[in-house]
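Here subunit A shows up in two complexes: once beside subunit B, once beside subunit C.
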Partner chain A sequence: MYRIRIHGRGGQGIKMASRVLGSALFHAGFNVQDAPKYGAERRGAPIFSYVRAARAPINERGTIYNPDLVVVADDTLLAVPAAGTLLGLDAHTVVLVNSHQSADTWRQRLNIDGSLLILPAGTETEDRAALPHIGATCAGAAACLLGVIDRDVLAKAIDEELAELGPDTVTKNRTNALAAFDAMADQRGCVEEGAAIAATDYVPPEWVEMPLDAARVSAPIIRASGNSVEVRTGLWRTIRPVIDYDHCKHCWWVCSTLCPDSAITVTDNTPIIDYDHCKGCMVCAGVCPPHAIAGEPEYLAQQRETSLTEREGTDATDTADR
Partner chain B sequence: MPPTLLTGNAAAAWGARLAEVDYVPAFPITPQTEIIETLGGWLDGGLMPGRMVTLESEHSMLTAAGAAAATGVRVFSATSSQGLLYAMEMLYTVAGWRAPFVLVNVSRGLSAPITLEADHNDILAARDSGFLQLHCADCQEVLDSVLLAYRLAEDPQIRLPVLVNLDGFYLSFTREPVSLPEVEEVRKFLPPFDPMGIRFTASAPESQAVAVLGGGPYSYFRYETHLAALNGVAVYEQVAAEFTTLFGRNREAVESYRTDDAEVVFYMIGSFATKAREAVDRLREAGEKVGLLRPRLLRPFPASLIATALTGKQGVIVIDQNLSVGHGGILHTELLACLYGRPGAPPVVTSFIGGLGGRDISPQEFYHMVTVTRQAISSGTVPPPRLLYTAAELREVRKLQAIATVEREETAPGRKAADDTGAVQETADE
Partner chain C sequence: MSEQRINRMKDLPSTHLLGTGTPMCSGCGGLEALHQIYDVLGEKTVFVNAAGCMTLLSVYPFTPFRGSWLYTAMASAPAGAQGVRDALDILQQRGDMGPQEDLDVVVLTGDGSAYGMGLSATSAAMDRGLDFIYICYDNEGYGNTGQQSSSATPHAAITSTSGGSRGYPGYKKDLFSIWAAHRPAYVATVIGSEPLDLARKIEKARELKGSRMIIALAPCPTGWAYDPKDSVEIGRLAVKTGVWPLKEYIDGQLVHTRIPRERAPVEEYLRLQGRFAHLFTPATNTAMIAEIQARVDRYWDEVV
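Up next, the complex of A and B:
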């Protein structure tokens, strides 16, 4: 059986990726099970989806803990433990990361034994309009790595699964997915079907006796109020709203009131975005009367900040030296 | 028709479409909403006749469903979890009306604390209402069960509403290959609803008793409902046999998987039972004689079919994805009641609570439940019920509690956190 897990953020087409891959495998003659798994149900929140494919009927169900292939559509998730991107990896697992960093960098950072491949994130993140296509692009690359899906079957699956989004979206996704499929040609078929967990020699579960805790501990009381500020939901952002203060009319009530996360504060009639908590929903950009809020791909914004910090750091060192 | 990939929610919607329902009262709730969205799209697009009305709550939705069914039209509705419980008063009421219709429940754990994932305490809260219950293990079974449920509900020997249960996420959002039967084939199995004169019509009031009853008449009507429900086992068996003849799929009241020569048998309901099937295959490869017994029909309770299937077995492993707080697993309790005093009943019945709030059950846990039950068989001592819960899971909760405690120190300095014994020292407010 093939067991594939795909990680990304809400809005990147991660559910769609599992459906494209699922349909393609189904057309290739496999029994298929595909599903998304999400909690927060909002743009930018970590989600994952999974696909099982086998020649026999599938009785396994739910999250895959022993993946043959893990696709990470957004490399910022590798630093989010709750996303569970590294769950159940072993030496046979192939990890495909959509990233600007090199395979060596990630292999070293994550201490991964198995095979780690990079799907170059080049154009997608720089072209904002292309962001929702990452899912299909990843599905295209994954299809090639499996080695059992033909190019035209992949195209057919995309046409079917995206049909209701209109011909332009279908074409764009198909083009991206097929390009990713072709880019992986050297690695075609590198993913191998894994075996089921055998009942002989299994590792017994480490069951515990549930302790009876005092109600002070075990009732769902609020131990600390007002602490949601501690959760840096800004990590969810894929697009960053940036206010151009040269054009801002200081009609601060509009953007700060309509921000669903209260992430825009106002000081002296000037709206200021709190990037620790802004999830990048871009509602502010949509409602800004003078169109003074633009979107910048989060990746580029971070790159800009890093280079700024590095420059400042160098300056500081220089000063100290002097 | 060749199979196509459908989610459990889409399969439920297809069941309603193929049953050619007349009326769909609706109210959204995760993870059910896709069902009514799908039906709404088809109704708007003219792909199916009938009418959908969105009500202001599940309570009103059930009232509308029961009232419409009582006039002799075919009614479908769907809900989940909190929605089902919000409608609880009307579940008993419309069952008492003997209003035949089908309600799909997409199982989800009940608040508090809140979750969106599968857990059977919602559907089992409706256990005693008078609704019959069918429990599904895969997406094909969801579609098939909706069709079977109409035959059961509308049968003149029964005339009761039927709940069809599918698990949130594990079926609701999971696509699997599903064969869609042709509508002409479905019509052969499920002809249009014939209320046989038992219905309300405009300007023709009827009454079978006075409005407010004493205990005698009340007992009569309540027990008649019970007797009608009990008819459901035989009627279901006959309807399921017809279904198999027409569509080729076995839909027996109780699924027996590799039980014939089994010494130890898993006993459970719902989609996690397919995980048990997988575990049975792996355990058989390892030389273990194990099987799976899974009631599809839970109300009426097919006691004699279950007891017969378990006669002579050495042990039964009951996995409850529910918890009767202060007692234990509901399936475990009901199975013991069904087996007590029967000759040849299995001497060992072990109880495991697993899958609460969608918590997964690993293959290793299935294997280990067999090991534990084997030990009980050889020692003659049955272990106490066990919650399937690992040290890693407890460690995670302890971490979250530790973070909460630290945050309290940070955000409200001066207030000391609860210690492990639960004793708390509060600094007096100044």
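Up next, the complex of A and C:
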């Protein structure tokens, strides 16, 4: 059975990628499951979808914990633990990363033994949440790596799955997907089917027996107030709003009041953006009366911060996590 | 009734009560309105939340609220509010809770619940004169499940259940009038992009007793298909074009709190949103746009 997990951000077409790959495998004669992770999959947030394909009926369900192929559409997610891109990798897993960096760089950074391939990223877009047609591109590359999908079957799957988006969109996606398919030709068929997992081999974890508590104790009651600040929604951000304090008029209410996420606080008449939680919607930049807030691509901002901390010789803070 | 304190922009709060880190979409117009509302209502509130996008605000073990939050089924938030109100009243009668500790009961639902499934329970709550505040964040569709059309969906909008070249065939239900027909203490429309108007209305609602009903139009980047950065711009255009009238019903009187002197053409509002893209491409559907404009014009002709 093939087990494939595709990681990206909400808005990059990751769910669509799994549908295209699923359809293509179906046309190639496989039984197929494909599904996105259901939850709060908002634009820019780390999300994933997955595909299972086998010649025999598939009895497995749920998230894939032992993937044969992991596709990462946006390399900024590799540094985000919450995205879980590296979950369950082993020596046989092939990792395909859409990146400007080299395979060696990522192998070293991630300390990966298995096979890591690069899908060369196209021209960089400012806003990674809007990476054009990256879902179909990833599906095309993945189809080639599996080695069981022909080029025309891939094209057919894209035509079917994207039909409702109109002929222009279909054509663009098909062109990109086939180009990615061709770009992977040297590696065609490098992904091996994983072994069947049987429930009979299941070894339960070492349990800690817990006594049943009364409902008052065990019910999901939240006992702290305002603790959502523990959730770092700043991870979703693909564009970073930056305040130019030389031009800020210290009007104090506009950006702070209109920020949907309460992520701008005002201290001493000066607005401060909370980058741990700012989702990068850029509403503030649009409403700032003196236009003192500008957008910077998040990956560039992080690169700048990293090189800055390295130069200063200070401890590299957890900026990579943001 | 205490004196109103929010008279100008500078009176608006600069620190915010609603916690960050919620899973609402980037650029959510509903969250924008909610955090402004919460700043005015304050911590002494209990939120009763019907199923909808904002159910995700308090997903165990996290909450952005300073106080309690109760989750109900889609149609029954006002019934939940009745229970909480009764419990608070009983605690006070028994002397287990002082009058200073009293809390405002606030219902929070989307338009799917407010305009549709929960309308009966809301009507009954107003009939009983339930002392509560109802906040509807209206993003004109069942947003949390992928923007299926609701009875708040405007004419011609594309939703996941109304496609084609003509979009949603129905018309947005006039919930304001339906609520006002119950003669509750207060009914108002607000929008997050007009924070001063919003804050003054919420302040007014806070000082009243009885059923206080608020509808906040909630521009929705995901459901309305636009770039999140345009949330405020689209909200402002909703008011400028007259598509979203800012008004209140109080003491049996209907008052428009903002009458756009020269209304911008509705086209400006529609053009920014992907859900109306079929009105502009491949060819401009002048007849449909004129129909939408005519309906807005007729509304305002009757008002002024």
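As a working rule, the second predicted complex is superposed on the first by the 198 of 322 C-alpha atoms of A that agree within 3 Å, B and C clash if a C-alpha of one lies under 4 Å from a C-alpha of the other, contacts with A are read in each partner's own complex, and residues count from 1 in each chain.
As a working rule, contacts are C-beta pairs under 8 Å (C-beta built on N, C-alpha and C of every residue); 3 or more make two chains touch, one makes a residue touch a chain.
Treat the numbers as computed from the prediction; the structure is a model and nothing was measured.
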Contacts of A:Gln187 with subunit B and subunit C, given as first, second, both or neither: neither
Contacts of A:Ala35 with subunit B and subunit C, given as first, second, both or neither: first
Touched partner set for A:Gln302, first subunit B, second subunit C, both or neither: neither
Subunit B versus subunit C as contact partner of A:Arg232, first or second or both or neither: second
Partner chain(s) touched by A:Met282 [first = subunit B, second = subunit C, both, neither]: second
First, second, both or neither for A:Thr169, with subunit B first and subunit C second: neither
First (subunit B), second (subunit C), both or neither touched by A:Thr105: neither
Which of subunit B and subunit C A:Pro220 touches, first, second, both or neither: both
Where subunit A meets both subunit C and subunit B, residue numbers: 220, 224-227, 230
Contact set on subunit C toward subunit A in their complex: 9-10, 12, 14-29, 31-32, 35-36, 56-67, 69, 192-193, 195, 221-222, 227-233
Footprint of subunit C on subunit A - complex, ascending: 40, 42-45, 220, 222, 224-233, 236-237, 252-253, 256-263, 265-266, 274, 276-277, 279-283, 285-287
In the complex, subunit B residues that touch subunit A: 5, 7, 30, 112-113, 116, 169-170, 173-177, 271-272, 274-275, 277-279, 281-283, 285-286, 288, 360, 362-365, 367-368, 371, 386-392, 394, 401, 404-405, 407-412, 417-418, 420-424
Complex contact set, residues of subunit A against subunit B: 19, 22-23, 26, 31-37, 39, 41, 58-63, 65, 196-200, 202-208, 210, 213-217, 220, 223-227, 230
